[in-house]
Amino acid sequence: MDGYYAFMLVSTALVLMMTIPGLALFYGGMTRSKSVLNMMMLSYGAFAITTIVFVLWGWSEGWAGAGNGKLIGNPFELFGLKGVSWHSAADGTGSGYVGVLFQLTFAAITAALISGAIADRVKFSSWMVFVPIWLTICYFPIAHNTWAGGFVFKHLAQQDYAGGTVVHINAGIAGGVLALIIGRRKGFAKDPMRPHNLTLTMLGAGLLWFGWYGFNVGSVVLAGDTAEKSTAQFMSETGFTFMNTTIATAAAMLAWLAMERILHGKATSLGAASGIVAGLVAITPSCGAVGLFGAIVIGVVAGALCAWAVGLKYKFNLDDSLDVVGVHLVGGLVGTLLIGFLSTSVAPGGVDGLFYGGGLKSLGDQTGAALFTLVWTGVGTAVIGLAIKYTMGWRITEEAEVEGIDFHEHGETAYDLAPLGGRLGHSAPSGLPASAALEGAK
Amino acid sequence: MDGYYAFMLVSTALVLMMTIPGLALFYGGMTRSKSVLNMMMLSYGAFAITTIVFVLWGWSEGWAGAGNGKLIGNPFELFGLKGVSWHSAADGTGSGYVGVLFQLTFAAITAALISGAIADRVKFSSWMVFVPIWLTICYFPIAHNTWAGGFVFKHLAQQDYAGGTVVHINAGIAGGVLALIIGRRKGFAKDPMRPHNLTLTMLGAGLLWFGWYGFNVGSVVLAGDTAEKSTAQFMSETGFTFMNTTIATAAAMLAWLAMERILHGKATSLGAASGIVAGLVAITPSCGAVGLFGAIVIGVVAGALCAWAVGLKYKFNLDDSLDVVGVHLVGGLVGTLLIGFLSTSVAPGGVDGLFYGGGLKSLGDQTGAALFTLVWTGVGTAVIGLAIKYTMGWRITEEAEVEGIDFHEHGETAYDLAPLGGRLGHSAPSGLPASAALEGAK
Amino acid sequence: MDGYYAFMLVSTALVLMMTIPGLALFYGGMTRSKSVLNMMMLSYGAFAITTIVFVLWGWSEGWAGAGNGKLIGNPFELFGLKGVSWHSAADGTGSGYVGVLFQLTFAAITAALISGAIADRVKFSSWMVFVPIWLTICYFPIAHNTWAGGFVFKHLAQQDYAGGTVVHINAGIAGGVLALIIGRRKGFAKDPMRPHNLTLTMLGAGLLWFGWYGFNVGSVVLAGDTAEKSTAQFMSETGFTFMNTTIATAAAMLAWLAMERILHGKATSLGAASGIVAGLVAITPSCGAVGLFGAIVIGVVAGALCAWAVGLKYKFNLDDSLDVVGVHLVGGLVGTLLIGFLSTSVAPGGVDGLFYGGGLKSLGDQTGAALFTLVWTGVGTAVIGLAIKYTMGWRITEEAEVEGIDFHEHGETAYDLAPLGGRLGHSAPSGLPASAALEGAK
Amino acid sequence: MKLVTAIIKPHQLDEVKEALEAFGISGMTISEASGYGRQRGHSEVYRGAEYTVDFVPKIRLEVIVDDMDAKSVVDVILKAAQTGRIGDGKIWVVPVEDVARVRTGERGTDAI
Amino acid sequence: MKLVTAIIKPHQLDEVKEALEAFGISGMTISEASGYGRQRGHSEVYRGAEYTVDFVPKIRLEVIVDDMDAKSVVDVILKAAQTGRIGDGKIWVVPVEDVARVRTGERGTDAI
Amino acid sequence: MKLVTAIIKPHQLDEVKEALEAFGISGMTISEASGYGRQRGHSEVYRGAEYTVDFVPKIRLEVIVDDMDAKSVVDVILKAAQTGRIGDGKIWVVPVEDVARVRTGERGTDAI
């Protein structure tokens, strides 16, 4: 089983790469040029702080007392990983340092995902305070409930192969709630705030897709009681999840492009990048639950629905800046709920959904788990968000927002492509914000 | 053998990464800034549509009835992967979902490679129609003939370790024929059409090199009859192909740079990136056939010859925009044919070429296989290309071409780096095309 | 053990990816837009030339006669890899082609690292001459002394898990010495020379972090005498090094950001990227020597100290352009020396440092090894640097430097983002240098 | 005819444009510029090195107007561009001897 | 001496340059500009949000000419820049009181 | 009042700016421009295809000055911008009829 183990090492590195630099680029390219560095910093910062928190109490809070049927694990039981074997077990039960690290990268990207909803306007310090608290109150409990045999799983036995509820619905609802609490950017829905560098977004989406094989396929948990059985399970289950991940993503991309063509007349590259992510999100919980046909359906529904959903924020006047709700919440729900219909006992999950004669049980379990996540994290995030709002505050000044958060929060501007090396204010593409720092925009 | 299996999972993800985002960046950086998104979309779109086609009938058409000595497999035999075990076999025979997926990524990148020849001027819809038809008529048959014991292999037993004929000669000739049928861009050989962002091209070339280890090294097919023998073969053969791939690529890069210095006085970064790809292309068929010395020779010849060959298109007045012929066809031929001379029985291929006392047999086999591919795909592509030309048509309007295909086909422009966030037409680097949409360029 | 072997294949590819494109992007983004291609070419060129040298005599000079207690191996013993089995041994002793390739990628990145100290001003040809000589005189001997049971290791038995002395102190001192010999760029410490594209630097840092898991975790050398023991060692040791690498890097990034906030008021993205690299550098030698607590301390010290050290070059008036001394020398020393304090026998290294009751022995060994590297490579680099200076010369002309090394040395400019496709000199962001080629800057 | 050139803060562009439209001006040409004046630039710190930007981004706006409109146009721009803060910019008026509209070939006042 | 300033469509630049050369003009200065006029901008859609660009890219060309050449130069540009489609641009002529060539220090007509 | 416009080499900007400051000029506006003249452009080679840049990057500098300062300002710029090499640039002076400072609304000489 050292092959399985080697794959876990690679998978863990891949999931890290999804956040750093994958997600940072995907998000960064979508912001305006005056905000790209801050956007990337929210991902990088989230990863770093999550690492510390996870090792101290996160692993313990999420995974201590696995199977205890409780809402959380005891954060002190394995504090600082004491008692966790670094002689990683080869049986794939998730114990050992590599198991911890694999989970760590999931927590980090979930936190980073949220940042897309609140682009361009929050203090870096507030973000760095928010992340550890949010993980503690919202992430580790949901992970415990879903993956460590906690309360919800005990009662619902929902299927969430790689994080439909834990990662995507979780980040999606948190993003939506935070965007509501933190408020809209100056100029939202009035000024154009179009992506400043779509090649970065395309690159980011590509790296996300690549890394997602670590995310989904690496999420296999061996249950075989002999080495032979474990090996067999490793081979068959990963083939399955790899196939579903690939085909759903391709289908979602095509569906998003088709939907765009219908709605706006043209299929865009931002749509392709978004469709990729929507498909990956939706197949995350379901890649071990459905067959080929199910995967295609999930991809198509996710791509088309998300393509439509991202327009809603203008209706609700909610500045979910980079569509965390529209892509991760909606996509996560699609994947989580469609399991109830499309799950098949042929797949590794072994459960038949409504369409495969399994009745309503699976749909109920999935819906329950989704609701639990929505409520728990919705409330939790609201509490944290409001607490920060009324203490240290979330927003940079309006002037700083107009001038550019990169310069204001980080003292930098991303690009200096001009012949004179940015010595003219204007030749620094983001020079404006910088200068405005002194002049004060209107 | 779960180690071999883990490596196949990673290799498959790596080859996906070669197209998305590797090739897309490599090509995208070489286009003008008004075309980069479209260029990337041709790769992303090709990958998505190939996924669907491959799972439906591609695998079956290429691999059903392996060893049958026919020109194609029966596309309906394994339609929709029915009958393909997702309990992937550990014996490496290529069956099982992972074998399918690995091959899927090869088909996708081959289609995507073609797009470089027809940059900046074709309708996205025509491309999305072309790809599945081309795969069906040209790719799956060549793959069957070469890798699944089809007609050609039965008679010639050519060596093509990872796709010299199937991928590179195939894409190269298809690109050349399509460029001829579709015609030149307005301003070809008159207007400068220089790369708009060489950092993207360098990044793309780097990712291609990285991913190519999945491509070449992952192409090992285990034939050992016991687990021990399979393991031994896995270890020795991959060490060999990894070494050859590395050294030929380095040699080709240096040779291209030297050639440039001789021809034009300066060694360029575009030359380095191109040399890398030329070397990788040439070592693709041969990495299992030659030894260290052979790999260096192949690298040097490929680098130098391709560096010279990319200039020919101006002589022939053929707008092979990003040199698919000059790099993939020429490089693919170099690698395929030099096997006839440099192949050694010490290598995994086990065949001696002309220089190693094996006589002309190998050279004959290699030449025959190359010719077969050139003719088959040359004719096939011409038929498809002309059929599309006279039905839905290939070209965007001349105005749209001048204005920029990104805006015209996708309603987007790649960059908005200006202080005012692109509100001045001109500060959007690609603003011109956009505006021209209304004014109509001369 | 084919899992271990599969991991080595992937690790080797990952370390290649660290240089191409990782380091090239990290460095390239920090230069001015008129120098980015040259900066990337120094990395790409270094990799290509190292490949040839390594296969010819590098491996032999470094690893032939392992354990002989001498200063170097015999460069002719295994010349051209003759006698090296391509049937890579599965016991992980480093023999076999994959062992060679893994080491090859280390030599290449070490050479490439040096280039950051001499950005924007050296002839590409001089660099391509320097690299093979430097490897021969400075790299292979240090590698032999440290990793192949050479003279130093025999007497000091220092711990250097993945290259604190061999890679980072080595490249750091070489960079410092070269910068001194080659001299300052025109305008150093007077003209602003700020990073031209921080998204590239962030991307590069992200890819470096990702690839570093190949670098550090892949550096496991199996010593288990049975397959079971080897497997157990593989699993436990890699879990350890993976954990330490992750946590030290996160800690270093946070420490750098904190230090910046204290020193300059703002935490920058360049700081985050730099902190990541500083942490990775410091944990490189120590990832197998310390525990969780030690890793955090090493990360914090490296991040904070390097953040401060990068400012020193202005004091010493040394144009170490991209801070190779400040990050790699200082970070390498932090990691190497702190082992003397923080090493614990619980870790794979099995040695107790000062804080764990091991007395001064470890500190002495580490200090000795560091000093040896500093002196050996300091002197060696000075000799090579001066020899080149007084023969072929290092510097491009001052005019060319002002005008831009990309155009001068490579005949290219990196970006052409303008509507008119760079037909106006100024709309090519790097047009200035180009034009100046004819006008001669003052 | 006169050529009115105004150097304004980038963020005032929208207001100035709207004010001119309201006044009845139907065409104008703008470009990016950098200003140097009482308003100073700013500095950024990269790895301990301070980097100063002397010049401040501005928008340069040009309008060709009838002789009689020149004064009012200056007033309109003045009003719309003013924030009262340092760096608000400058306006100047230059005599124009001939004007042509390229599309039609019209000359003089008709061409404005 | 006169300063002829022309706002033209970017794609006409080559023709205008060649026409001026043919006329005997040996020097000129151009810059990027954005125009606002009868010709409207365009809009792009990103994830359902429409984004409008008001201004249209133009080239701003300046030539210093002898008094007597001014009229002909305007004609030359007019002809070369005309496509007949909306947005072709504008030309204006301004009096110049002094000219200097920096390299030589020449003044006046010699400096053109 | 006069408007002095100078087209200079980008690398002379610092010297010109300092010379103007030394002379007592406290404000100016610059922008990027491209020049065409005796100095020719350059060419780059990409995969065997030659690519020619006709235009050479320049800085365009504008200063509004008092009538009496115009001549001296031209001299100051001339001196600071001169390298003696081809492509040094051009300076011209145009009469200005009105000037306004946007922040204060001042008009005429006070507004300079």
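Order as written gives the chain letters A, B, C, D, E and F; numbering starts at 1 within each chain.
Basically, contacts are C-beta pairs under 8 Å (C-beta built on N, C-alpha and C of every residue); 3 or more make two chains touch, one makes a residue touch a chain.
All values derive from a computational prediction rather than experimental measurement.
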Based on which chains touch which, give the shortest step count from chain B to chain E.
1
Selected interface, B-F versus C-F, where C-beta contact pairs are more numerous:
C-F
The distance between the C-alpha centres of chain D and chain F, rounded to whole Å, is 18
Please compute the C-alpha centroid of chain A, do the same for chain C, then give the distance between them in whole Å.
32
Mean-CA-position distance for chain E and chain C (Å)
52
Two-or-more-chain contact residues of chain E, please, as numbers and ranges.
10, 30-35, 44-46, 54-55, 57-58, 83, 85-87, 94-95
Please output the residue numbers of chain A that touch at least 2 other chains, ranges allowed.
1-4, 6-7, 10, 14, 192-195, 197, 203, 264, 266, 268, 270, 411-412, 415, 417-420, 422-424, 426-427, 431-432
Would you mind writing out the residues of chain F in touch with chain C in their complex?
9-12, 32-35, 39-42, 44-46, 53-58, 83, 85-87
Using the touch rule from the top, collect the residues of chain F that touch chain E in their complex.
2, 6-8, 31-38, 54-55, 58, 60, 70-71, 74, 77-78, 81-95
Residue positions on chain B within touch of chain F in the complex are 189, 192-195, 263-266, 268, 270-271, 274, 310-311, 314, 323, 326
List the residues on chain C that touch chain A in their complex, please.
1-4, 6-7, 10, 14, 32-34, 191-199, 202-203, 205-207, 209-210, 213-214, 217, 231-232, 234-236, 238-240, 242-243, 246-247, 249-251, 253-254, 257, 264-270, 272, 276, 292, 296, 415, 417, 426, 429-433
State the interface residues of chain D toward chain E in the complex, per the touch definition above.
1, 3, 17, 26-32, 64, 94-103, 105, 111
